[in-house]
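Each of the next two complexes has chain A plus one more chain, namely chain B in the first and chain C in the second.
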Partner chain A sequence: MKNSVSKWLRVAAAASALSSAAFVASSASSASAAGPTYQPAHAGGTLKLLATGAGGTLDPQVNYTLQYWQLYQATYDGLVTFQKVGGTPSFTIVPDLATSLPTVSKNGLTYSFTLRKGIKFSNGQPVTVDDVKATFQRLFKVSNPNAGTWYNVIVGGPACVTTPATCTLPGLVVNAATNSVVFHLIHADAEFLDQLAVPFGSILPASTPPKDQGSTPIPGTGAYKFASYNPNTALVMTRNPYFKVWSSAAQPQGYPDTIVQTFGQTVESEVTSVENGQADWIFDPLPSDRLQQVSTKYAKDVHVHTLTADWYLPMNMNIAPFNNLKARQAVNYAIDKNAAVTLDGGVQLATPTCTILPPNFPGHVNACVYNKGNGSTYAGPDLAKAKALVKASGTFGEKVAVVSQNDPVDANIGQYVVSVLNSIGYKATLKPLSQNIQFNYIQDSNNHVQISLTQWFQDYPAASDFINVLLSCANFHKGSPNSINISGMCVPSIDAKIHQAENLMITNPTAANKLWGQLDTQIMAQQAPWVPLFNPKLVDFTSSRVGNYQFSLEFYMYVDQLWVK
Partner chain B sequence: MFTFVVRRLVSAILVMFSISVMVFLIFFATPGVNPAARIAGRSASPQVLAQVSAEFGLNRPLPIRYGLMMWHLFIKQDLTSYVNIGVRVIPQITGAAPVTLSLVLGAAVIWLIVGVAGGLVAAANRGKWVDPLIMFGGIAAVSIPVFWLGQVVGLLTQTKFHSVFQWLPGSGYVSFTQSPGQWALHLLLPWFTLATLYAGVYARVLRAELVNAMNEDYVRTARAKGLSERRILMRHALRCSLISVVSLFGLDFGSLVGGAALLTEVVFGLPGIGMLTYTSLQNLDLPVIMAAVMYGAFFIVLASAVVDVLYAVLDPRVRVVK
Partner chain C sequence: MIARGSESPWRSSLRQLRRNRASMMALGLLMFMVVASLLAPVYAHLVAHVNPFPANVQGTISLGGKTVPVLQPSTVGFGVTPIGPTWHFSSYFLGADPQGRDVFARLLYGGRISLLISFSSAIICCVIAAILGMAGGYFGGGIDWVVSRVFDIVWAFPVYLLAICLSVILLTSGLNIGFIHIAPGSLLLPILIIAAVYIPYVGRPVRGIVMTLREREFIQAAVGSGASDWRILRKEIWPNVAPTVMVFFPMMVAFDMLTESSLSFLGVGVQPPNATWGTISNDGLQLLYTRPWVSIAPGICIVLTCAALNVLGDGARDAFDPKAKLRGGA
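Our next item is the complex of A and B:
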């Protein structure tokens, strides 16, 4: 992940709709395909992880950082989860605390689960259907980040969003005698299972107070439990004494006896610690000046993965000059994505992209509307076309401020964008802002941001998590710092198509993903709300004693599967 | 003495009040800083945003917000962080203070010994080659930025010559109660790194004071009495020259304990007050910034008061004038 700010924000969020039903559909067959066999010889030891800073609250129903979502994989379980295996199958949803994937009614409005028996929380209490019910009520009571965008699809959800204190959630019906858990939805939602599979859907004891628990660990059902947490020093995970494997695809047995994530070192000294074997892995992105040394000297301990994420330049479609389509198209032609990749650290760290949906993502089609030549693979900028479009748009000579974050990589890319805008006829300046401020600043339409540099990381593998979340009318809130449709794009004909694709996803995921792909190209060609720059890569650097590295596309490296013995 | 203490206390409260108001206003005047937007999450709906605002009292007028923050910080002492939700601010400060104190105390011992010895030797050898050599060393020590020195020391011991320095642990902190040996080992390099600058300053200041003192009347009297040069330097000139060193030390020590050792703490990954200030600034965590700034301001005000008292104790002339 690119920068430390996005620790809060880096995992994306979505409004209603769609999912990787294609992946879900295939899961029934692969559910039994568990990961590799457990090797007791490698069990034991202490895994030492490093991060420059803590990830905020430890409450899985509130925390929205990849830093802790990664750790929750070993500590909490939902009714369903993303399969714990490496590579593309990690996008597959499998049953976890539920005995099987749910039975979904024909109209898509009812999801019926049966809860497994005999599972205990790390405090020794058995997991019951009452815990499930309380968990989903608590989601609203703790103001879960997506309570009003995802979980309000459950009958009674909207009332829970308005008055959380009195939330009863009548749409979730449980029966202790049969251990059944039935969700009734307001409308069919192809992404509902994905939303149950992320850590927000972790089942917690009913006795958990309905308030963000902050640094107090909440008991879970995973192979590990959080033993202690001090955001200024360390987070410690130890084995959950009540854990027994019920499905190694959902919650495998872990290897280290203790997992410690220590906070407070600079990223440079973290790298040195891993090189010297004083620590095993660092959470933060490797500094680009150490990358060369690390990747040549410790090649076998470096693991590189392309992420399903975008770095992009959203242009504000509601104010000059980018309320003019030709102006937006001109910028798309002018920016050299390869230059942006170089500034990010080179091809080792990023791949240029022309589309909204990242490669290897449902719905992605290889296309490049604004390109040198007519190829579908990016070949370079076309400055002549860009200059002509600026002239034709009548925006030549207008002032443009580029708002980027102030860390070196972001500011350098921002500076590059400024130079390109100047070269095609604008009077551009750079406005670098602190990492923590910039993200909410560029969303707020009161700040009149014309063009900015930002990133989006997926929540789960669904095209709507990009197109619907980032470009639909519903996600543009005028004058609010939480308005994730940063371009402010609201085109009724495209919105209608987004809804069509979402609905089609429920019945025919293949056709729906084809439609999403068409939408991606259509939005870029007809609206050009952004300049997609590149898809970032993640570089994991582990110590030489570590073995059994496995990478999930959804939650990244499985910390509990690493061997330190 | 009583009026002196009361006057000090009132001025301390005034200083801390104005600093807190400034920190508060600068924070909320910054566009894009809305803590509720960040707490609510990346794609929170407007209702969820409104609930979070209400829960943290962020929808109330600024003066009330300020009053509430001060009430929770000083009276109820249960102010919590905006970033690490539920984590109280005061235990963070009390947890970080011993780390900073360990760092500053150890470094102070080193810089006092090296600085005073350097100043003495240079003054005693005035006109010989040793004097300019020590003074050059002092200038060099003052000129080296502490973050650079810390990084280079880290680079040499942890990377380039790691095989030689394997007995040195990596960055971080181990508390004294946990293991006194590891505590000292972890702090060894930070102590020397932090002490370098101050040792240079103190050596130079002390030498200048000693050279001045050696020309004073009481030194001439001592010489006339037939005392040895060494006795004059150590017993008479040094005592008087230490006055300015003591006042300097008080202020330096106060500001370092209050968080001015930030760069050293960050470079060596020591979770002290400076590091806490640094991370809270990075995260724009107002409650922690506020508490850290108040803590630092308190120590600086306290240190300057102690210095004033000590000054009066050491130098009778100050008392007479008063």
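Our next item is the complex of A and C:
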């Protein structure tokens, strides 16, 4: 994802969309998709959430954090959305404010929707096609983080990116008489529907000012509305008085009457609050010294989920010593992924990985190029091979700086990497940087970062969201702090295959995913731009009074579906 | 107390210091800390047989005839917990840190760097402060104006805020001024930063003393007899300023140690793999609930050393500062 915030904010960006395969599947069944059965007996009460800090602006077209994207699921709707159910079906896109999934032209250039009638915003105004038009114009006017990469595929999008103030977006055509909304695209985009389904695509009143609304709540169509927001103290959500369920799969009725997210406690204090029943859930990751206690004493209130995300070490392919393939391969052989898993909290909280694409992800192939032995499952490091490769590369004795974030887990893994690099013949040092600056710092080629530690969380379950975004020439911008291809890999032959796979996604997703899998293995074997470390897991800790916990692979826990009665 | 006429003021002061039991106990404690820290390599290599700097994530130790991992995965819940104190002097006496390294060995190595930084920065601070204070106080005029404004500007910032700001900036890029190039991870950076932020605390009193001395008869006599400024500063002013600087020195070492520990604890001081008591405390922060000794042990070392320095500083003040003598005799 093209995000540039800290790790947990980047988790946030785990906004997803559906692969074309899933899209096709959902197209067939979406009209009859049904959400979980509502149980009115559990409705009512106040759900108390805790976070160490606020998540920034409340504007859904600007905010790019998991902290608020989770809350937006209950407050805003787009034309389409990810189905509000737990598990794998949560990757399925269903119609939301649209009556059905769009009719897509054969060439993939036109997406036609019909807007539902009778839906009102939380301020009582009816939702109209003019609101839809204004919403997508506003996306550009408020400088949405992904306007230039996701939504500029709409005809007129590039002009809107260049001059947002005068954005008219002629490629979005609405008709009030028929309630139709038609998107005309510049080129076919297999991920366009995914990008409409994330909170950036939330339909807002046309009267919403075309600038970031900050802490001022914007009316939405969800089951809840934001009642008040003070980034220093709390965010309060109450029921939307105008909400009526039109599709429980898209926007189900919520359980608590009020949802309050309070800011300012330390994580340790938050954990104690949940243990004591003074709060119901904490947004922040559990501190490592409380994991064992929480997971044993409150086992039934702890929920663990594997995330489709990578922790990895990108190596700069354009500067020494990692402009040498053998040096990069040496590091791949030397790093013990199991050690990295241990430093992240153990096997219950992470799984070692050798591939770019996470397991259970479209295109993933079980392979392990740099391994002790020849198995496809990771068996351990091969230090002898690593040392031999360092010598053969002629980079022995070179200085290497490892740039990590300075939070405990990142710094610990960073120090471990330094130890390993020193053991195979480099003179390595650690450069721990603040979480606020490290992610942009390592992207900027002017900083000459040789190797760093970072993470990537899916935007949506499409292989291109890893391979294309993180390793294609188009996403390497020399001298820019927003160059998400951190290793600076730009190999024309691989780029051609990436484009081939992207085009194939539109017509033959199965074949495309096979190609993505081949590319994954090929990139690791022939280029070794990263050391993939592990796929992390998420731990949710809820209070004992909470029920109906459901986890979306897309937006994580459904806050509004928790009941406290 | 009556000093013997044949004894120099320095000898008299030192004798008085030696008679101060609390100061001598503090000095003994300080010497113990210094010697223990200096023996860190001996302990690590010959007794514990560990290298306390590289990560030891997959390491094991033999405990009661069993081989156990130093980072122990939870058997019933989640998470990994470093091995706790074994209380066996030769093996993970205080347990392991989150990287599986021997905390006791790191504590000894950490003491070396903590003491090195605090003593070095105190020396640099006192020397520069004495020079600036003497120059400003003696010459007056433009020189005094410049020195005073520099002191005012540095003094205007809260010490820790200034130190943190300087550290954050210099940690990223290092120090590059003219021919001076200091790498981002160098120990010289915290030494210089800590020395710099405390200069006014010593420099201002020195300047005040020199301004008073400048008007005294013996200085006027020296000026009248044609003595050079350099000679007056060296022979007349410095001997009168030195006791004040000596009184300040132990306190500055204590201040510098606390500042270094604070910066390192916040992650903007000494950088890994170097260890100080502050960085070890920080390492233990994530283990407070399960392995509190990782943070408590360096905390105790800091408290004991700073307390010893403060008691020693009090003794030095009583011995070297005439006003303290007067107070003591009152």
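The rule we apply is simple: the second predicted complex is superposed on the first by the 539 of 565 C-alpha atoms of A that agree within 3 Å, B and C clash if a C-alpha of one lies under 4 Å from a C-alpha of the other, contacts with A are read in each partner's own complex, and residues count from 1 in each chain.
Here is the rule we go by: a contact is a pair of C-beta atoms (placed from the backbone, for glycine too) under 8 Å apart; a residue touches a chain by one contact, two chains touch by 3 or more.
Because the structure is predicted, anything quoted here is derived from the model rather than measured.
After overlaying the two complexes on the shared chain, residue contacts for A:Leu433 are found with chain B and with chain C alike. When the shared chain is aligned, no partner comes close enough to touch A:Asp130: not chain B, not chain C. When the two structures are aligned on the shared chain, A:Val469 is found in touch with chain B, with no touch to chain C.
Of the two partner chains placed by the overlay, only chain C lies in contact with A:Val418; chain B stays clear of it.
A count of residues in chain A touched by chain B and by chain C gives the higher number to B. By the touch criterion stated above, A:Asp336 is placed in contact with chain C alone, chain B being left untouched.
Counting contacts by the rule stated earlier, residues 268, 433-434 of chain A appear in both its interface with chain B and its interface with chain C. The part of chain B that touches chain A in the complex is made up of residues 30-34, 37-38, 40-49, 51-52, 55, 80-81, 83-87, 92, 95-96, 151, 154-155, 158-159, 162, 169-172, 266-271, 275-276, 279, 282-284. For chain A in complex with chain B, the touching residues are 4, 8-9, 11-15, 53-54, 56-57, 59, 62, 64, 143-149, 152, 161-162, 164, 212-216, 230-233, 262-266, 268-269, 272-273, 275-276, 278-279, 433-444, 447, 469, 475, 477, 480-482, 484. Those residues of chain A whose C-beta lies close enough to touch chain C in the complex are 268, 287-296, 299, 302, 304, 336, 338-339, 342-343, 345-349, 406, 408, 411-412, 415-416, 418-420, 422-423, 429-434, 539. Contact residues on chain C toward chain A in their complex (touch as defined above): 53-55, 57-58, 71, 73-74, 76-81, 98-99, 168, 172, 184-185, 267, 271-273, 285-291.
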